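Take a look at the structure below.
As written, the chain order gives the labels A, B, C and D, with residue 1 at the start of each chain.
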Amino acid sequence: MCRWAAYLGEAVFLEDIVTAPCHSLIAQSHCAQEAKSPTNGDGFGLAWYGDRPEPGLYRDILPAWSDPNLKSLCRQIKSGLFLAHVRASTGGATSRMNCHPFISGRWSFMHNGQIGGFEKIRRALENSLSDAAFDQREGATDSELFFLMMTEEDLAGDPQGAVSRAISRVIDASRRGGFEPALKLTAAFSDGQSLYAVRYTSDGHAPTLYTSAFPNGGGRCVVSEPFDRDGSDWQAIPPSSFVTIGRDGMSIRPFVPAAAKLALAV
Amino acid sequence: MCRWAAYLGEAVFLEDIVTAPCHSLIAQSHCAQEAKSPTNGDGFGLAWYGDRPEPGLYRDILPAWSDPNLKSLCRQIKSGLFLAHVRASTGGATSRMNCHPFISGRWSFMHNGQIGGFEKIRRALENSLSDAAFDQREGATDSELFFLMMTEEDLAGDPQGAVSRAISRVIDASRRGGFEPALKLTAAFSDGQSLYAVRYTSDGHAPTLYTSAFPNGGGRCVVSEPFDRDGSDWQAIPPSSFVTIGRDGMSIRPFVPAAAKLALAV
Amino acid sequence: MCRWAAYLGEAVFLEDIVTAPCHSLIAQSHCAQEAKSPTNGDGFGLAWYGDRPEPGLYRDILPAWSDPNLKSLCRQIKSGLFLAHVRASTGGATSRMNCHPFISGRWSFMHNGQIGGFEKIRRALENSLSDAAFDQREGATDSELFFLMMTEEDLAGDPQGAVSRAISRVIDASRRGGFEPALKLTAAFSDGQSLYAVRYTSDGHAPTLYTSAFPNGGGRCVVSEPFDRDGSDWQAIPPSSFVTIGRDGMSIRPFVPAAAKLALAV
Amino acid sequence: MCRWAAYLGEAVFLEDIVTAPCHSLIAQSHCAQEAKSPTNGDGFGLAWYGDRPEPGLYRDILPAWSDPNLKSLCRQIKSGLFLAHVRASTGGATSRMNCHPFISGRWSFMHNGQIGGFEKIRRALENSLSDAAFDQREGATDSELFFLMMTEEDLAGDPQGAVSRAISRVIDASRRGGFEPALKLTAAFSDGQSLYAVRYTSDGHAPTLYTSAFPNGGGRCVVSEPFDRDGSDWQAIPPSSFVTIGRDGMSIRPFVPAAAKLALAV
């Protein structure tokens, strides 16, 4: 389980959200309060949008709390749309390629949760990828693979549907693998224009998800766990929700996965 | 504050102490129970004695729990005398040069605790070093500097006295700096023959220190915190103690610092 | 293209081969003389056999010339059978999982060369792996994949044949991919008992391979490039050769790849 | 010896200078043509000025050619004033704290060259620092120490004089140490407004220094070695020169070190 925070609004220094608040993402890397594990020390990452359509990406394997580069970058870089993540591995090795966010063209993606039984269906899911998506795979995590499946499911045309259909691929593969699906997913992603988030579980409790207006910059945050307790008015997003944040406001819709568009190639 | 473990006895695989026990040092890097901070993720290190008089040294800045090299080295290397450490920084940056153990010739040293007000007396203490010891300084920690002071205080001839006199140098510098000494020290060190440990504080509570016979290998461990709860018979070392473990047994003596042999050059 | 050295004989300190000679592997990481690229700074690795049937493994992404851990480990560890490698990437990212040697059970493997057109046949080759071998894949290199194919081709029973059949799988996949095979392979591997090496190319010039008796320890080295110019009597291994070094001597046999035992699953 | 490049002008993407040109700084990290050592693989760093008075700082110990973060940062970040450096160590360990640029408040500094006999005068020079400057020392290089001396020599009021007086301190310390000064210095530094460079040696050949107008952005580069051969009109700066580049043009003045303002405390 991991912790993450995302922002869309007027350009602000990344540090306003990532490092400065009392219970900032960096603080959460050391002692998260609503996560299964308090320590999120298995690497970190930033994706931010600036003057180019595709995002910048900075990821490293140190704990976020001890990386002076991260601190300086967050202090210097201003962005109106960014994703930040601190990782607690649920299996994969600690390597840069396994750190979130993942990017593909204009898209960025980060995740808290896991695909239960991933080791049993990893190969089937990788084989379900097109050659183009397969060639983009750099690491070994369930999260990156889930994102690559999303990119194949009309992500640009129907972001909510893409998540839904990627989930269906996981559910199908789990059942074919002979076990009940056990997917936990609290994810955020963006194309550089809008910020999307989803809270879903196929069983039991979905990882937490919150949103709040951000005082400076008139923007909005969506986070796995609030980064301050005062001054903000955090709204808990209910399970099975899909959040769309644009320049003109936020919508929260019910989220129920559909059937997979592509059959699994087995 | 940090966690550490040391062993002297028949050669055993390092993993028997460092990675295998249920509450091993690696487990303590993630969730120590008797430390001020449960997370000791700011690097780690090993010093072990083998076929040469001087020890081997392996240190890195990843959290110990996520380093596959550490796991493999501990699984392969057998040694009859070694020191292992996981770090929680009290100030210095996360760099290899700031990771314990530190070595000098045949000697190795590691530490849990801190020199209170170090930033105010660091320069005076560094200036008190001989040119030879100054040239060995690689990092910026209080621990390394304390060890270098020990090497100048007849460490080979009188190990207990060397610790005592290094403490006196810290106490003197603190008083000259205009503040009450605040030194916490639970340290282990070795010359490749014997294993020494000390538990001391100039004020309040000294960090914990334990020892136990080790079932495999007929040796003895000294640790900042027990690495298992069953099967071993851990003995808490009282504050103000100096422990000497040799091939022929262990002695625990009272430890009270003496006056500094060298005046501080100010 | 990379540089590597392997040894079998009486136990010697790794440094006798890896760091001490005038043109040691470490020196070659900075300025190799017979390699396509003089700099081999994209990580390094060691696999050595000691008291366990499976080898120890130490790999990191720094240039070999600047890693103090490597220097200390080579100075301390004695082994009668080890493989050491410095990497110059031909494509894959600089990550620990992409550094040689690779290990699987008792086996270790390292490689200089490349599978030409790998990006076009990577997926077909990965799909040809059994689930068991697929699950062992950690990185993204052609070399690791080649080794995993070897482990499926009766490596224990017929080491030379295993290389031969893995090559055939590459050749078949290349032809099905619509291009002429372009495989360059100078590799060493071991099961902890014998040391094997192969020099082969499907076209043009095979990377160099040398062997020599090693004065200390009465053993034998096999290397991509001699590590000293005086005192040793280096023998160039001809292209299309398979070398077997055991406790009782060395054999050099002609090496010609056979047809693949398993058809590629496409 | 190292390679570096600096720019002042309209804001451009860092990649326009650091990674994109045919003989870019990244290319020079692998095969510099005018340096003593062709490989500059002992870490790298960037300092750039943006929306704050103090610069951002990104340094890491990988070779510049293999760091995907560096590539992404250079592709995203635009700046009208920045310094970039690839390191070939002349002694100090490969650590982030030993990588250039160094920063202090609004100032940034990077260096190609070395203080000959540094190990013999390091302590005297460190002792010559004020407590405030001493506390800013993080690493162990001669370059960082030289920069800290500059900050004490009225750097803000008289940049050229500050370099001159820092050189005098080195020269004095060398003579007191009983050897002829052997200082080589091609350095660039900035306060966020102007860009300064100096080319000087106390003996023999000064490392190279070039400048050129930069086609995009209407700015100007100063470099240790040209990053392209066509399209730019590189001007070699003569030895014993001090270069000042401002928003309104460039001046090149003779540079001869003066007597030290502060006597060395010995």
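Here is the rule we go by: contacts are C-beta pairs under 8 Å (C-beta built on N, C-alpha and C of every residue); 3 or more make two chains touch, one makes a residue touch a chain.
Only a predicted model underlies this, so the values are computations on that prediction, with no experimental measurement involved.
Of the two chain pairs considered here, A-B and A-D, the higher C-beta contact count falls to A-D. One inter-chain figure worth recording: subunit A and subunit D are separated by 40 Å, centre to centre, where each centre is the mean of the chain's CA atoms. Of all residues in subunit B, those that touch two or more other chains are 68, 93, 96. In terms of which chains touch, the assembly is arranged so that all chains touch all other chains. Touching subunit D in their complex are the following residues of subunit C: 30-31, 38-39, 41-42, 61-63, 66, 68, 89, 93-94.
Those residues of subunit D that touch subunit A in the shared complex are 13, 48, 50-52, 55-60, 68-69, 72-73, 75-78, 96. Against subunit A, the residues of subunit C that register as touching in their complex are 93, 95-97, 119, 123, 127, 131, 134-135, 138, 140.
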